[in-house]
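Common to both upcoming complexes is subunit A, partnered first by subunit B, then by subunit C.
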Partner chain A sequence: MIGRPRWVGYALLAPALVAVGFLILYPLYLVLALSFRQGKTLNVLRLAELPFGPGNYRTIFASDATWHSVFVTVVYLAGTIAPAFLIGLGAALLLNRAFPGRRWLRSFILLPWAVPGVIVSIVFLWLLDGSFGVVNALLRQAGWLATDLAWFANEDTALAAVIVPTVWKAYPFFTLTLLAALQSIPSSLYEAAVVDGATRWQSFRYITWPGIRASAALAAILNTLWALREFDIVYLTTGGGPDRATETLAVRIYQEAFAFFRMGTASALGVLTMGMAILLVLMSIRSIRREYF
Partner chain B sequence: MKHVLASLAMLFALSLPPIARAQDVTLDFPSWQAEEPGFAEWWKGLIKEYEAKHPGVKVKLYSIPFANYVNQMTVRFAGQNPPDIVHLPSRNFASFAGQKWLEPIDDLLKNSDIPGNWSKLQSEMTWDGKMYGVLLLPYGNLLYYNEKLLQDAGAKVPTTPAEWLDAMARTTNRDKGQFGLATTTAEHPNMFIDAATWVLGEKQDWLKGNKYNFTDPGVVAAVEQFRKSLSYAPPGTNSAVARQLFIDGKAAFLRDGPWVWATLQKAKPEIRPSLKMTQLPFPVITGGASNSLHIPAKIDLQKKKLVWEFIALAASPPWQEKYVQLTGSPAGRVGVIGPEQAKRDPHLGAITQAAEKAENLFPMQPALRENYNEFATLFSRAVVRMQSSSQPTDAILANLQKELTAAVPLP
Partner chain C sequence: MTRSRQWLLVLAALAIATVVLFPIYWMLLTSVLPSELTRSRSPVLLPELSALSFDAFAAALERKPVLLWLGNSAIVTIGATLISVVISTLGGYSLSRFRSRAQQGAGFALLVSKMLPSSLIVIPFFIAFSTFGLIDNRWGLVLANAAVGVPFATWLMKGFFDGIPREIELAAMLDGCSGMQAMWYVVLPLAKPGLAACAIYVAIVAWSDFVFARTLVSSPDLWTLTVGMQSFLGEYLVDWSSLMAVGVLSLAPVFVLFLLLEPFLVSGMTQGAVAN
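Showing the complex of A and B:
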């Protein structure tokens, strides 16, 4: 290959570049273009007839509902990622030890990741059902609940109720990523630490954590981005309700586009969500660059 | 050379699809009723006869849950992938017609016997002066009750709204998992129907002229009663769960359409005899157009003809009669239930009576028809506030009126 003209390389890359351009850049352009079309239609062929202007952005930035959705999204992200990370880390540390039945337990712990969001939603809808859910029954038996609580239908508990199944589905990815990182740490480091009289906490802080930090950061970013666009669990359990209590940006975009037919406003909200995602990546890029590059 | 040519000709002939297959057409037909007792039997029987009359044509019927049905249809139409046979809840029909997603059928109707023999609610299939569908089910709301639960609680079958609320209070025993009312208490556009039953039933109206009328004292008082009724229902329930609770004997009352009658047959033998049906205890009985069949716009001519023939078969007198018998619901065609049959099957008499007396509960104002989803969504959020907060009803309704004025302004 050495000495061959550079265009051969570009020519070989061209099909992939065209595919990426078509699959990623064109939809991005379409969302951006749609966000400047003001009016109500779902007919793609009629979108060009709608007036062009920044009105959709003015509408969404002036709307309390938008900032409420941004707030709900941020709470949902924080409420999902932090517990999922801690559970994932705990599971990874457990699975990194040698004990009987470890293989079986590893598959079992990773199972939620493979379960479709629709199934997860149905299972949790029944578990947390207001009248016949097992969670209410257990809490009532334990004397911690006086009356039945409709977890998904109550404004005060709905967001927490939506976060629980999301955490359940999200933690195995942390477990998998962190377990792989844990297994790459040489055991000689732990042996040296024992010889030096280090406590368990010191071993974790000075050997384990530096060894898994890069993977943890990457997993956290990926999971945050996934949670940012999470739709199925939220929509299937609460539909964004009650009274907007769980209306994340993803659910609001869907409502605006397909329930209220305001494609332009939905696209403007999509651009806002993209902006949030880019901001998150930019905020974490320094730590990733430090670890990986 | 001869052999080579003969072999090539044979290969070419074999590569052609058989003649019968060239005519094969599949009509895509999603419906929320595909698995519903009574309705499923009717649709399957209708499809069997249609396919027998149209060799090479298959109707692919499949179920989509009602809770997601309209949204899924919206996504399919928006993605230029509509079904061939379009089955819609009639209250959402206008938003589809407004997007120009449906085919006008005035010419087809002219050559049928539908115009002179159909329910007056067929007029709801009109949008912008054109007819876009055939109404399948005009209905009046009914009150289902569990006679045993009423007797045990010393309550009687209500004849006034106050008596109904009293009976709900007497039959509610949350510790036993027993409720006075089974209704939608999880946020859903259906909440509007429940509230409208109380408001229009008490001779009030959401609109005054061409303006929202949510702050009217009469409307507020009726909604107050509706709010009270929700306190006797299990929380976080959708319409399917509400029906199941009633069928399982865990709720004393259910306000619903006539289609529930067929589902009651699923109740346990010891519960079924207690489940009864009567007219709602309001001066005005509410109802409307439940669901309808449509042809998607820009469908090819061959499919358009086939879909219309399917609709025409569904609208034929024998299939309309079977509709009433199998589903226990009124049919679009008038006079399907004669006085003698009404005498033989009192429940058929009751549902026919309710359908004939019913006043349309869905707003006919064009802006509200076209934006029904948004209107009902905002309305259901207000109902959720009524359930979960101690905010006064008049304040919630005033706020709703403000939200609606901004989101769906009336011209």
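Showing the complex of A and C:
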């Protein structure tokens, strides 16, 4: 380009590179390094003095708690993504139609995406409170519940209870991406289908679904990665309890690091979590490619 | 479409909105009802207007340093947003206009940033900040939140700059502008909507932060709203009315920002770099 040497481009990019280095490269390096150092230290300069070895990995892989956390995480991810996708798709199909007041309803239906995790947590703690929660009051009125069920404190219901607010925060992302995909489908296709006598289900199956499949896959991957990272909701509502019933990997990493100050095992668990994320991305890269080739 | 079909759609949309917004409605309602009505085993879904009062807000402000938390959250959010927007604008402009290896790397960096839980990132941050004396320091919190916003915001700005034709700055440069002048006087004014979207996105993320504020600062003087709200939960008898009042105060700015941001999100400008 006229008058602009290459170094200008790099100079403009430099602060962003520093930020990315600080946010991504440095944590990746330090987490990997810490995961191979046994013992406790908070001083990075003294990290090299700790014995080097795979001890932390041996500890976490030998521990039942780790595999339990992996299981809880997988249930949490699946339990979040499937309902969030269905609600998100339903809302997107609805918002794709023209009706008065659509602009405002769209804003309101998408709002939960922006609600901070802490607020989501306190609101659902209150809604699902055992004695005074409105959900229990409604269930009692309907005759479906006889006792004061404390959803977050009961071992059998806690995981379902943390999934509900997560779904609530996750579905708008599906609505957003699916709505964008729906709007890119030319309406002439639907008109042609009507002329050809297609039923509504056939229109959906052969026009709508192929048109949104690729976006749906991408959104599902990104939302699964988001749920894998999600920490605030579980930590604030149950803290991983009762008796580890909701202890996802993200929560366990934090507890190891900041409740027990075992940075080494926390880092090894972090590497395990990233391994799951990488596996997910690799698996889905193939499925996304299949959409195109 | 017939008129009755249209009304059916409106009704269906209203029904969905009612269900999904009920949690927010309930928070709002709890914050403006006296506790005799909220601490009830059969709460009223639609109370009379005469029952409404703002006592819970007064009680919250009196019992807890809510204004201090609000101020801390505001400082952290504004600081992180300013830093992040400047960095991302420069970086996004560079990625859009200069062909470099960083361009291929940028998408990859964004993807990797989506694989790191904040509860994991906070470990290296905690260690680094302890080493450099930034622990329990407001500016440390600002830096951490600014860094988190950069990858996505840079990608967003690149997208906006891509939409501004190069010919416009070339014309300015032929007329005697330097490269930087062309960016400052010609491109940036055109990118204003992008800057707004970028700033709002980063502000929402920073305002919502809990992990960093919980871990990187410890003095109650530096607590943000999110950490303050958590402190309610530790009490033996949770004061739900006051907690919901603080929640309402904390959600109000997010609500306004989101209404401003939402058209950008939907217009598909962020396609491919979808915010999550």
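Here is the rule we use: the second predicted complex is superposed on the first by the 259 of 293 C-alpha atoms of A that agree within 3 Å, B and C clash if a C-alpha of one lies under 4 Å from a C-alpha of the other, contacts with A are read in each partner's own complex, and residues count from 1 in each chain.
Basically, contacts are C-beta pairs under 8 Å (C-beta built on N, C-alpha and C of every residue); 3 or more make two chains touch, one makes a residue touch a chain.
Note that this is a predicted model, so its numbers are computed, not measured.
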Based on the superposed arrangement around subunit A, label subunit B with subunit C as either clash or fit. clash
Quick check on the superposed pair: does A:Ser131 touch subunit B, subunit C, both, or neither? Answer first, second, both or neither. both
What is the contact status of A:Leu282 with respect to subunit B (first) and subunit C (second): first, second, both, or neither? neither
With both complexes superposed on chain A, which partner does A:Val195 reach: first (subunit B), second (subunit C), both or neither? neither
Touching A:Ser107, do we find subunit B (first), subunit C (second), both, or neither? second
Classify the contacts of A:Ala146 with the two partner chains as first (subunit B alone), second (subunit C alone), both, or neither. neither
Is A:Phe258 in contact with subunit B, with subunit C, with both, or with neither (first, second, both, neither)? both
Using the touch criterion from the header, give the chain among subunit B and subunit C with more contacted residues in subunit A. C
Check whether A:Ala62 is in contact with subunit B, with subunit C, with both or with neither, and answer first, second, both or neither. neither
Applying the stated clash rule to the superposed structures, which of 38-46, 74-82 or 92-100 from subunit B runs into subunit C? 74-82
Let me check the overlay on chain A: which residues of subunit A are in contact with subunit B and also with subunit C? 42-44, 129, 131-132, 257-258
Which positions of subunit B touch subunit A when the two form their complex? 71, 74-75, 77-78, 80, 95, 99-101, 174, 177, 185-188, 234-237, 245, 371, 373-374, 377, 380-381, 384-385, 387-389
Residue set of subunit A touching subunit C in the complex reads 1-4, 6, 8-10, 12-13, 15-17, 19-20, 22-24, 26-28, 30-31, 34, 42-45, 87, 90-91, 94-95, 97-102, 105-120, 122-127, 129, 131-132, 134, 137, 140-141, 168, 171, 173, 176-177, 179-180, 183, 218-219, 222-223, 225-226, 228-232, 235-236, 249-251, 253-254, 257-258, 263, 266-267, 270, 273-274, 277-278, 281
What residues of subunit A sit close enough to touch subunit B in their complex? 41-44, 129-132, 147-156, 238-239, 241-244, 255, 257-261
Complex contacts: residues of subunit C adjacent to subunit A: 1, 6, 9-10, 12-14, 16-17, 20-21, 23-24, 26-27, 30, 38-43, 45, 84, 86-88, 90-95, 97-98, 100, 102, 109, 111-128, 130-131, 146-148, 150-151, 154, 166, 170, 173-174, 178-179, 204, 207-208, 210-211, 215, 226, 229-230, 232-233, 240, 243-244, 247, 250-251, 254-255, 257-259, 261-262, 265-266, 268, 271, 274, 276
